[in-house]
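Shared between the two complexes below is chain A, which pairs with chain B and chain C, respectively.
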Partner chain A sequence: MTEPEGVPILSLTHVSKTFFSGRRSRIDAVRDVTFHLYPHEIVCLVGESGSGKSTTAHLIMAMETSTSGTIRYQGQDVARLRGRSAHRQYRRAVQMIFQDPYASLNPVHTAGYTIGRPMEIHHSIASASQRNKAVLRLLRQVDLTPPAEFYYKLPYQLSGGQRQRVAIARALAVQPALIIADEPVSMLDVSLRAGILQLILQARDEAGVTFLYITHDLASARYIGDRILVMYRGIICEEGMADAVINGPQHPYTKALIEAVPNPEHLEDGGTVDDTVIPSHPSAPASPGCPYYALCPVSVAECQQNLPDWTELSGKHRVRCFHVADARHGVKT
Partner chain B sequence: MMTPFTASPGDEGEALPSVKPRSARTWLAFVRNRTGLIGIVIFVGFVVLGLLAPVIAPGNPATITMHIMSPPTAHYWLGTTAEGQSVWSQVIWGTRPTLVIGFIAGALTTALSIIIGVGGAYNGGALDDVATMFSNIFIVIPGIPLMIVLATYLHHAGTVAMILVISATGWPFGARVLRSQTLALRKRDFVQAARLTGESTWGIVQRELFPNMISLIVANFLSTIMYAIGAEVSLQFLGLGNINTVSWGSMLYWAGNYQALAFGAWWWIIPPGICIALVGGALALVNRSIDEIANPQLTSAPKRGRLHRGGTGS
Partner chain C sequence: MSEILSVRHLSVTYTDSTPTIPAVNNVSLSIHDREIVGIAGESGCGKSTLINAILQLLPDSIVDMEGDVLLNGQNLRTLDRESMRRLRWMKISLVPQSAMNALNPIMTIEEQMRRIMEAHWEAARPGEIVARIDETLEMVNIQRQYKKLYPFELSGGMRQRVAIALALALRPDVVVMDEPTTGLDVIVQRGILMEIKRLQKQLGFAVCLVSHDMSLLIELAQTVYVMYAGRIIESGPSRDIYRQGRHPYTRGLIACFPPLQGSQRTVEGIPGSPPDLGQLPPGCAFHPRCPQAIPRCTDQSPSLVNVRPQHAVACHLHTPDIPSDLVEASHDRA
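Take a look at the complex of A and B:
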């Protein structure tokens, strides 16, 4: 496991994103999110469907602009990238893997084209023959062998798992420092997931890529993640080392999640089973306070009014909960 | 910088086997498709007729002779007109203005459809609103009546005027179809993914959108040629084009003017009629085969082994 250390490669501070649809309805997809990614770690952003994970990814990728807060990549404000070369540099440094490999590959392009094109755009490899070699090497590294055969495959000739490997190779093609992987295995057959997770671990270990790994499956988060960020309805309610969060959850929402896993022993399985998936909760009216307020067994009056601040626990573990804050305050005095 | 993973030693000598480029495979699929082949053969046949007109039917097709209203004979294969001109010669030479106007007007119309339809939809916002507004205005303008009015106003539309009128009234249909296709495509993940790899806007249109729309664009182009030929023939038939050029439309105009039907001169009317129908039918056949080929999922996988056996037919 990699401990977070040094200067963060990516920092989100008080980032919010509100979608307005129509005149009256607003969706606070991301609320006051703060976290840091340190070089070479794999951080899992876990949360049920609709909790704002993809929106967070889109904000990082500058596909959306945040309503407030700042996102910094190596100190550089992502919202203030000016000029073509700044954009290009960012695109080269930060890549994304999409959830649905059936949608993320252009049906008319061969695997070889899809993987080689980013190299061509960024001139990272000068000659076409060198580029072909690099593509073949990547194909081999993502286990699409024999590579010369896969080079010419069109997406419809590939299985879901193979497509996702092509998508991963595309993300790796420009040798990025950071990859945002938005639920890269959730659309794949359970039996294929371990292989993809292995590939991500390998890319971190051998190429030193930092990952923000988004998932709604606790087991894969536990398996692959150095740290875990738990997201619920736009807020990050708990964060810490993967073991600490899974074995000693502190936020009432995280506790409820982990207690709800039908076979806790499967949490060790590395995402090869489907029964550690976080269930979706019924939606409650938006409130200025903690989004878990209505369902929380230990909520206090203040929970409905205000968003709690972070309470630091041991190590890197911290929680956003008035109840935890009060309990710790009580212990100290 | 960093290298992705570590290069394994065996990779250095790896080379790509050569494979037939995609365009060659597409053509092969076309030739294999009966419908498409028939359409192409007929259409190309007319193009060849037009090109070889001086060889097949030497002399000026407008030349007036003494042999008026002659039924088909050994000398005048398709008979003569009321002014003693050879119908055979006129039909052959008439291929030229019909195809030229059809092709140029079709190309211009398709270009307008692409620029306005794809450009508006991809950029979105105010540009799309303006483009849509223009499409909606132009689409309710009835094409042929407008052409008649314009042609009357211009006193016999020349070739250029006719092409401009056909293009100006023909583009909104294609623009609408291409716009909706672009709107559907630009939201797809692979377009987002291309953007995230740093692809420029023009690069995305050219490399990600167009290849997915090519069958639609070609189909649109062929339909527009059909529309343009129809419009050209109508204008000529109504005497609103240049009635002194020899074309299928002007042949029908003169045949009508001299009441060919009343004189039982079927040979003057049927040949240009059949030619118009054949060209239109050929384009329709090609269009249908494009539909069948368009979806790579529907055709057999272009495995290299299959291509080698291609010569033995399927």
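Take a look at the complex of A and C:
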């Protein structure tokens, strides 16, 4: 198969989530999503707004329940967690970093309290003095130095990058096995993003945390990710090792996504920007077929009727597109 | 190409706090006909103050301003409020930061556009405003029927397009865009940037584009100014800035986004954070974060000098050994 060997820490199998609003409106936010996360991996879930990335994160965090399919954390069905302590255990193992550090920190709590509170709730460190030591260690780990000074800072006294560092320290506080990071750098200045990416890499390398990193930025996905899953309107349309997907994109949507990244190598000579044609926001009706069919430059009638199955390529790379399937088939025969 | 907007030795100091805050310090830049000029810098470097000063939006009661802002040769600093008001939207307009949240939530798109036009377009004949609303919305790819909607009924990208339509409605010569795509995802961003390029060709306005995203500016702009702690620290054609940027800060900004193509490299970012504009370090304001600082950087402020025609940098590593007070004096208009 396309994933690394070993026992997955988190498995999504044919997971779908449909939202209904009113009698007629039906949104298939997540459609038949299957993927596995293996220990110490950083997997990037990439897609534009409305592709279902955040819904997938909410399903994993048990903030929403899936319409069908199963999500298993270390073999245990997340939908079947019952009772306070089971949920609490799950929360301790699976933490989340949110997109907007201006909204995700309580404005009246100091950085020290924010980071120490999860340890208290999850009884990971019982004594207050031990906890304080751990908080100071975490502050140092996320480069908020001197830690004794940052301990007493309130969110309004911190910059966006510093706030996100507090949010990361809070997620690391209970020594989770898995962190879901939902666009953790998209609200930050470009100059500060590298530092946050570095922290995530460091948390994986030193604390052995597995990450699901959600982003719309393929360049940062390539930088940080071992594998990339490309999501469009609820389905995963392409996945593989990061370099395989970026250097050899197969799905027309992945190609469009790569084209959209600002690229200084396309130096302004008056023409480059206009030459790239990317259809604007999808307003195509839902169909049983490939969700990209309406915008796809190479779609055929079949694309609207049926959702293409996976075509396996080399490099742990696979794609859901009839064109790739046909081309492969043609080569074989 | 003729010069449309010229900013000469502009300094802005906020006087409503102690110590006073020199947010913009001796900034000169020029924007030519049909040119896209980029201004790059991190949060808190004075970009937004510069924009507000160009548009004369800062109240006299809290700022001290020096220098000139010339729009088509006319000095905006000497205009009274009413004359300036007449120029805004007609000659120079603004797409504000997080423009998608800058729309009035309780007014339809059409109503907001109509009010701006009525206030600024005195020569409009009956029916002309309605026709212009439809035409401008169409230009930014918003279907005519959407003008009856309220901002909350539109997606972020569409609201951003409306904000651009507002800025273009009266066909100004210069459009200032403050982070026009921040907060949008890459596909929507690309669509909007393409639209800006297309409209610019079609209508022939000049753009002053402010962003912290160097890769975007280099791709889109012909000329890039890099700002740090209220000063321009490097300026030049975007090609030169990208390939031969001299200032360590410019190099840092370019190195902090990971490449999409080619070999993978470690992204460094820039250590530390921008200085508090009220308490600038002595010498070069960048020296505490600079990996290449030399002793001179800690006490002498480098001046912006040309290293090639059109390419200027303010860094001791790249300037000949001239006592900085002499260079400062030659820059002084007095």
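Here is the rule we go by: the second predicted complex is superposed on the first by the 308 of 333 C-alpha atoms of A that agree within 3 Å, B and C clash if a C-alpha of one lies under 4 Å from a C-alpha of the other, contacts with A are read in each partner's own complex, and residues count from 1 in each chain.
Basically, a contact is a pair of C-beta atoms (placed from the backbone, for glycine too) under 8 Å apart; a residue touches a chain by one contact, two chains touch by 3 or more.
Treat the numbers as computed from the prediction; the structure is a model and nothing was measured.
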item	value
Partner chain(s) touched by A:328 [first = chain B, second = chain C, both, neither]	neither
Chain B versus chain C as contact partner of A:36, first or second or both or neither	neither
Contacts of A:255 with chain B and chain C, given as first, second, both or neither	neither
Which of chain B and chain C A:190 touches, first, second, both or neither	second
Chain B versus chain C as contact partner of A:156, first or second or both or neither	first
Partner chain(s) touched by A:316 [first = chain B, second = chain C, both, neither]	neither
First, second, both or neither for A:222, with chain B first and chain C second	second
Which of chain B and chain C A:141 touches, first, second, both or neither	first
Chain A residues contacted in one complex by chain B, in the other by chain C	none
Touching residues (chain side chain C, partner chain A) in the complex	36, 42-43, 141, 155-158, 183-191, 193-194, 197-198, 212-216, 218-222, 238-239, 242, 252-254, 256-261, 264, 267-271, 273
Complex contacts: residues of chain A adjacent to chain C	48-49, 159-162, 186-187, 189-195, 197-198, 216-220, 222-223, 243, 246-247, 256-268, 272-274, 276, 278, 280-281
Parts of chain A lying in touch with chain B, wherever the complex brings them together	61, 63, 87-88, 91-92, 95-96, 98, 100, 103-109, 112, 117-118, 121-122, 132-133, 136-138, 140-141, 147-148, 151-152, 154, 156-157, 167, 170, 172-175, 177, 202-203, 206-208
Residue numbers on chain B that touch chain A, as the complex places them	1-8, 11-12, 14-17, 19, 188-190, 192-199, 203, 207-208, 211-212, 296-297, 301
